[in-house]
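After the C-alpha cells below, expect a handful of questions from me.
By written order: A, B, C, D and E. Residues from 1 in each chain.
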Amino acid sequence: MDYEELIINMGPQHPSTHGVLYLELKLDGEIVVDCRPNIGYLHRSIEKIAENRTFVQFMPFTDRLDYLASMNNNLGFCLTMEKLLQIEAPARAQYLRVIMAELNRVASHLFAVSTFAQDLGAYATPLFYALRDREKIVQIFDQICGQRLTYNYMRIGGVSADIPVGVDQLIRDFIIYERQMMAEYDDLLTNNVIFRARSKMIGVLSKESAIDHGVTGPNLRASGFKWDLRKDEPYLMYDQFDFNVPVGKNGDSWDRYNVRMLEIMESLKIIEQALNGLPEGDPVAKINKAYRPTGEIYVRTENPRGELGFYVVGDGNPFPYRLKIRAPSFSNLSVLTSLIRGLNISDAVCVLGSLDVVMGEIDR
Amino acid sequence: MIGFVTSYIPLLLKGLAVLGFIALSAMFLIWLERKISAKIQNRLGPMMTGPHGAFQSVADTVKLLLKENIMPTGADTTIWWLAPFFVTVPAVVAFLCMPFGSHFIVHDLNVGILFICSITSISVIGVFMAGWGSNNKYSLLGGMRSAAQIVSYEVPLLLSVLVVIMESGTLSMQGIVRAQELGWFFLKPNVFIAFVIYLISATAETNRVPFDIPEAESELVAGYHTEYSGMKFAMFFVAEYTNLFIVSAVAATLFLGGWLGPFRPSMFWFLLKAYTIIAFLMWIRWTLPRVRMDQMMGFAWKFLVPVSLVNVLVTGWLLVVKG
Amino acid sequence: MAVNERIPGSEYLEKFPGGEVILAKSQDVFNWAKGASLWPLTFGLACCAIEMMTTGASHFDIDRFGSGVFRASPRQCDVMIIAGTICVKMQDSIKRLYDQMPEPKYVIAMGNCAISGGIFYHDSYSVVKGAEAVGIPVDVYVAGCPPRPENLLNGIIKLQEKIRSTKARVT
Amino acid sequence: MLKEIYQILIGFLSILKGLGVTWKNIFRKPVTMEYPLDKPVMTAKHRGLVDLIPDKCIACLQCSKICPTAALVVSGIMNPETKKRAPDKFVYNTELCCFCGLCEEICPTSALFMNKCYEIACYQHADLTPIDLLRSNKYQHLTSPRTRERKK
Amino acid sequence: METAIVSKSIQERFPDAIVETKPEWICLKKEIFTPVLQFLKTGHLAFINLHCITAVDRQGSVEVVYHLYSFEHKWMLTIKVILLDSDLTIDSLTSLWSAANWLEREVFDLFGVKFTGHPDLRRILNPDTWSEHPLRKDFKRDGFIPRPVR
C-alpha cells in the first residue's frame, strides 16, 4: 500500500512565519519529511537602488533592512563608510552610538523572545508585555531622533543630533524598570514547564553545522560557540565595557531563547556603563555630499540577529559602484531545512520562531 | 388532543428560556473573554460600543449575520453544510438537565450527568465533519487532531465524574446537589483530586489553551473552522462558548454544590460558581503556552487515566470502610 | 462618497408599507455593527507590520475599536490592512487573499509603500507601485513611513465613518 | 517513579508561578493611551509632514537634491526687485516621502521644516500626491478626529 | 596576519594559482580554484567560515568575491575570481561549506553566474519566470523608473 505525502503550503501569509516566508512542507502524517523555504516575497532590490543614491541618501534604506534593529544597521553602514573614508567619529558620538545600538538590541530581543513564545501558543500575553516594554524604548528614540521605527539617526562621522536633556534619566529609569520585568518573564516563560517541554531538545543545531552554514549571532552562541564580535573583534569602544557573552549548552530552541534573554541583561549593563562614561563634546556631523571614495571595504558588526556585513566598492563617484549587504538572517534561515526534518509541524514552527529571522534583511 | 398539546406548552417555554439564556450567555462570555484578556494585558478592551464595550458582542453577531456565505470549491457540500449544526445542537441539548436552581431545571432526568456527558461528546463528530468537508489541508489536520484529543480526554473526564456519582449515590443532577448539602464534595481530598482532573480534561474537551491544538493559531491558521465565514463561523463560536459554560456549570454542580448557598435565590449561587470557574479557565487561557500533540496524548493516557483510576479505587475503598 | 452595498432581503422589506423607514433604520444598525467590529487579517509584509502589531498591543490597543480580533484565515476577516511593500513575487498572493475574503470587505493601505511604492518607487525592479497597481480597491490611505499607531487608529476611525455613511443599494 | 512525580509537582508549581505573574498584572493600571480622546503631544524633534515658510526660502534646490526619493520638486526664479531668488513652484509628494529629515537638516535658511502633523489618513489618493507648499492652507484637508474636551 | 602570509603559503602549494596579490584581496585563477579553497579550509590557516559570496559587474567581466574568516587567527580573507562575460561559470563550493548553497543561488539570480555542481541552482529572490539578471549594469525592464536627477 503506497502512501502519498501531504504537501502543505505554509504560505507567504501565515501567522507564524514572521513575515512573508513561504515554506513548502512535505508531510508524512504530522512529521515533516522535507521542507523547501521560498524567499523573495519582500525583495525590494535595495542593492540596485544603492547604485543610484549617494552615501548620505542611502542611510534611510539601511533602516528598512532589519526593521527591528534600525540603529544597528545605521551603525554598520556608518562604520563601513568611516573606515573607507578614514574618518574618525568624535568620542561622544561613539558613546551615543553604543547606547542607541544596545537599546535597539534590547528592543529587538524583546520582540524576538515574545514572538517565539507566541509561536509556542502563549497567545498575545507575552507579546503584549514585551511590546509594552519596547514602547518605552521606542518613545526614548522618538525623543532623540523624531521617528519610532526608521531612525536615520547616525551620520558618517558622527550622529545627527545630540541626546536631549532629560532623556538619559529616562534611559536609567527604563533600565531599572526592565530588570524587574525580566524577572517576571522568567517566571512567566523561562521556568514554565509547558514552555520547556515544547522547546527543550527541539531543533538541535550542532556547533560544526552552525559554522558550516554561516550561522552567526545568538543562534551560534546557543550552540556552545563563544563568539561575539563586540568581544572578539572589538569595534566602537566595546572593549572599554565589561559584559560577558552568554553561551548555550546544547543548541536547542530553548537555548536560543535563553541566550537572548541573558543578552538583554548584558545590554542593559553596557547601556548603564556607557551612560555613566558619556564624554562631553559635539557629536553632531554635518551632511557632507562630497564623499567620493575609491577602493573597496568589507566591515562587519554584531547585529541582534548575527553579523551584518557591508561590502562597498567605490570608484570615485558620489554613488557606490556596488554595495552588498550580508544579512545574518539569510544564513540563519538556510539552516532551517536541516533542523526540522523529522519533527512535526508544531516543532517546525517552534524552530522557525527560535531562529528569529526578519524577512526585510533576508530579501533585501 | 388539547391535553396532549397543552402538556408540551411548559416544556416549550422552558426550551425558549434556555435558548434565550444560551444566546445571552454566549455573547456575555465573548465580551468577558475580551475584557479579561485586556485586564491581564494592561489594556482596555472594547470601549467604543456602549459603556465599556457592552454591545460589542451584539455588533459582532450582527456583522457576522451580514457576511457573504462562501462555499469553498471542491468542498463536500452536505458534510460541510451540516458540520456547524452537529457542533451547536449537542451544546444546546445538554441544557436539558442543567440544575440552574432548586426549581429551575428543564427536566430532571434520573440519568442527568450520564446524558450530559454523552451529548457533549457528539460535537467531536461535527468538528471532524468540518475538518473533512472544507477540502483544506489545515482543516483536515485540525479535524484529526481534535478527534484524537477529545477521545483521549473523555476517559479521565468520565472517571472523575464517576467518583462524584459514587459519593452522591445518584445520577440525577438535583440529587447530586442535594447530596452536597452536608458539605461540598470538593472539600473531600479524593474528590478534590477528581475536581483537578475534571478541570484539566474539561479544558481539553472545549479545545482551550493549553490544549487548543485543533485550532492552533500559529500552526494550522485557524484549524477546522478555516473555511467557514459569516453565520456558520458564528455558530462555531457560540458552540465553543456554550460548551465552556456547560463544562463549568457541570463542574460547579458536581464539585462546588450547584445552587446551594446561604440565602434564598438559588440560581444566583449557581451562576456565581459557574462564572468563577469560567473566569479561572479564561485566566489560564491567557497565560499558558500550548502543549504539543503527542505530549497532550501522553499526559492523558500516562498520567491522568492512571491517577483517576487509583482515585476511583480509593473512593470505593473509603465508601466501603466508612460504610 | 457612498459606496452602495446590498442588504440581504432589502427587496422584500421594501414592498411592505413603511418598508423604507424600517430599511433606513435597519441600515443604520447594520452599518453601526459593520463599523464596530472590523476584524483585520493578520497580514504584515514589512516594517509597517511592526507598527500594526504595536497598534494591537497594550499602549494603543486597537481592541478599543472592536477590531482586536486578528483572524489568520481570510474567510473570517472584514478589513485587509496592507502593511508593507508589495513585491512582484507577492502580488498574486495578495490578490488571491483579497478575493477569498467574504463580501462586505474593506482595504486600508497602510504606509507609503502600500499607497505608491513609497521609498522604493524609483530604481526598483521588483516593487509594485502601490495597492491599486495590484487591482485592489483601497478604502482608506494611511500615509507615513511607517505611520504612527495613532495614525492607523485615525485610519480605522475614518473607515468606520465611511461605512456609516454608505447607503444600501435598493435593487 | 518518584522522580516522575517530583517532575510533575515542579511543573505544577511553575505553572502557578506563571499564573501569579498574570495575577499581578490584572491589578496594574492599564497603560493604554485612548487615542481619539486624549492625543499625544509630539516630541520636539518629531518628523511629521514637510512644511515650508515661503518667504524664507531662497530656492537653492539643496533639499530636492538631497531627497532620497525625489519627493520635492522645486523651481526658482530671480526676483528682480529684491535681487533674491524666490521659489515659484514647490511641490511635495507625500506618498513618496520617507520622512528621513535630510531636507530639514540641509536647508541653509531653515525655511523648510517638518511639522508635527502625524494624522495623515484620507479617502482619495489625490489628497496625498502633489501638495503645493507655497499655499498657506496646504494641510487643511487632512482632518483628524475630535479630541476629548478636557474637563478642567 | 597579512594577505602576504596567506598568498605565500598558497604559492608554496599551488605555484601558478595566484593571478595577483593586493593588501586587501587575492585574485585566483578560475581553473584551479577549488583545490586552493580546499587547502584554505582544511589547512593550518583554518578558514572554516565562508562569510559571504558576492559579485561585482565590471562591464565586460564579473568579479566573484569570496569572504572567508578564520576563527583561530581572527582574520578575514577576501578572494576574487575574474570571469569573462563569455563564460560565466565557476565550480560551486557547496561541497566545502553548506553556507555557499544559498549565497551562490543569490549570485546566480542577480548576476547570472552559473555554479557547476550546485545541488539545485534556481532563482532565490526573483520570480522563476524572469530571464534577466537585475544587478548587471546593462539591465533593462519595463516599470523600472530611474530616479529623476533634480
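Quick notes on this structure:
We adopt the following convention: a residue touches a chain if its C-beta (ideal position, glycine included) is under 8 Å from a C-beta of that chain, and two chains touch if they have at least 3 such contacts.
The structure displayed is predicted, hence computed values, not measured ones.
Annotation of subunit B and subunit E: jointly contacted by A, C, D, touch as defined at the top. Steps from subunit D to subunit E, minimised over paths through touching chains, total 1. The most distant chain from subunit A is B, comparing centres defined as mean Cα coordinates.
The chain with its Cα centre farthest from the Cα centre of subunit E is B. When chain centres are taken as C-alpha averages, the shortest distance to the whole-protein C-alpha average belongs to A. Subunit A and subunit C have CA centres that are 31 Å apart. Averaging C-alpha coordinates per chain places the centre of subunit A 26 Å away from that of subunit E. If you average the Cα atoms of subunit C and of subunit D, the two centres end up 22 Å apart. Computed from the mean C-alpha positions, the centre of subunit B lies at a distance of 48 Å from the centre of subunit D. Taken residue by residue, subunit B touches two or more other chains at 38, 40-44, 47, 217, 221, 286-288, whereas all remaining positions touch fewer. Contacts with at least two other chains are made by residues 125-127, 134, 139, 146-148 of subunit E. With touch defined as above, residues shared between interfaces to two or more other chains in subunit A number as follows: 14-15, 40, 43, 45, 48, 52-53, 60-61, 125, 128-129, 132, 135, 150, 188-189, 192, 194, 363.
Here, these are the chain pairs in contact: A-B, A-C, A-D, A-E, B-C, B-D, C-D, C-E, D-E.
On subunit D, the positions that touch subunit E within their shared complex are 61, 64-65, 67, 69-70, 72-74.
Those residues of subunit E that touch subunit D in the complex are listed here as 147-148, 150. In the complex of the two chains, the subunit E residues touching subunit C come out as 125-127, 134, 139, 141, 143-148. Of all residues in subunit A, those touching subunit E in their complex are 39-40, 43, 45, 47-48, 52-53, 209, 211-214, 227, 232-233, 295-298, 300, 307, 309, 311, 313, 321-322, 324, 326, 330-331, 334, 363-364. Partner subunit B is touched in their complex by these residues of subunit C: 7-8, 29-30, 32-34, 36-37, 57-59, 61, 63-66, 68, 71-73, 75-76, 78, 100, 102-104.
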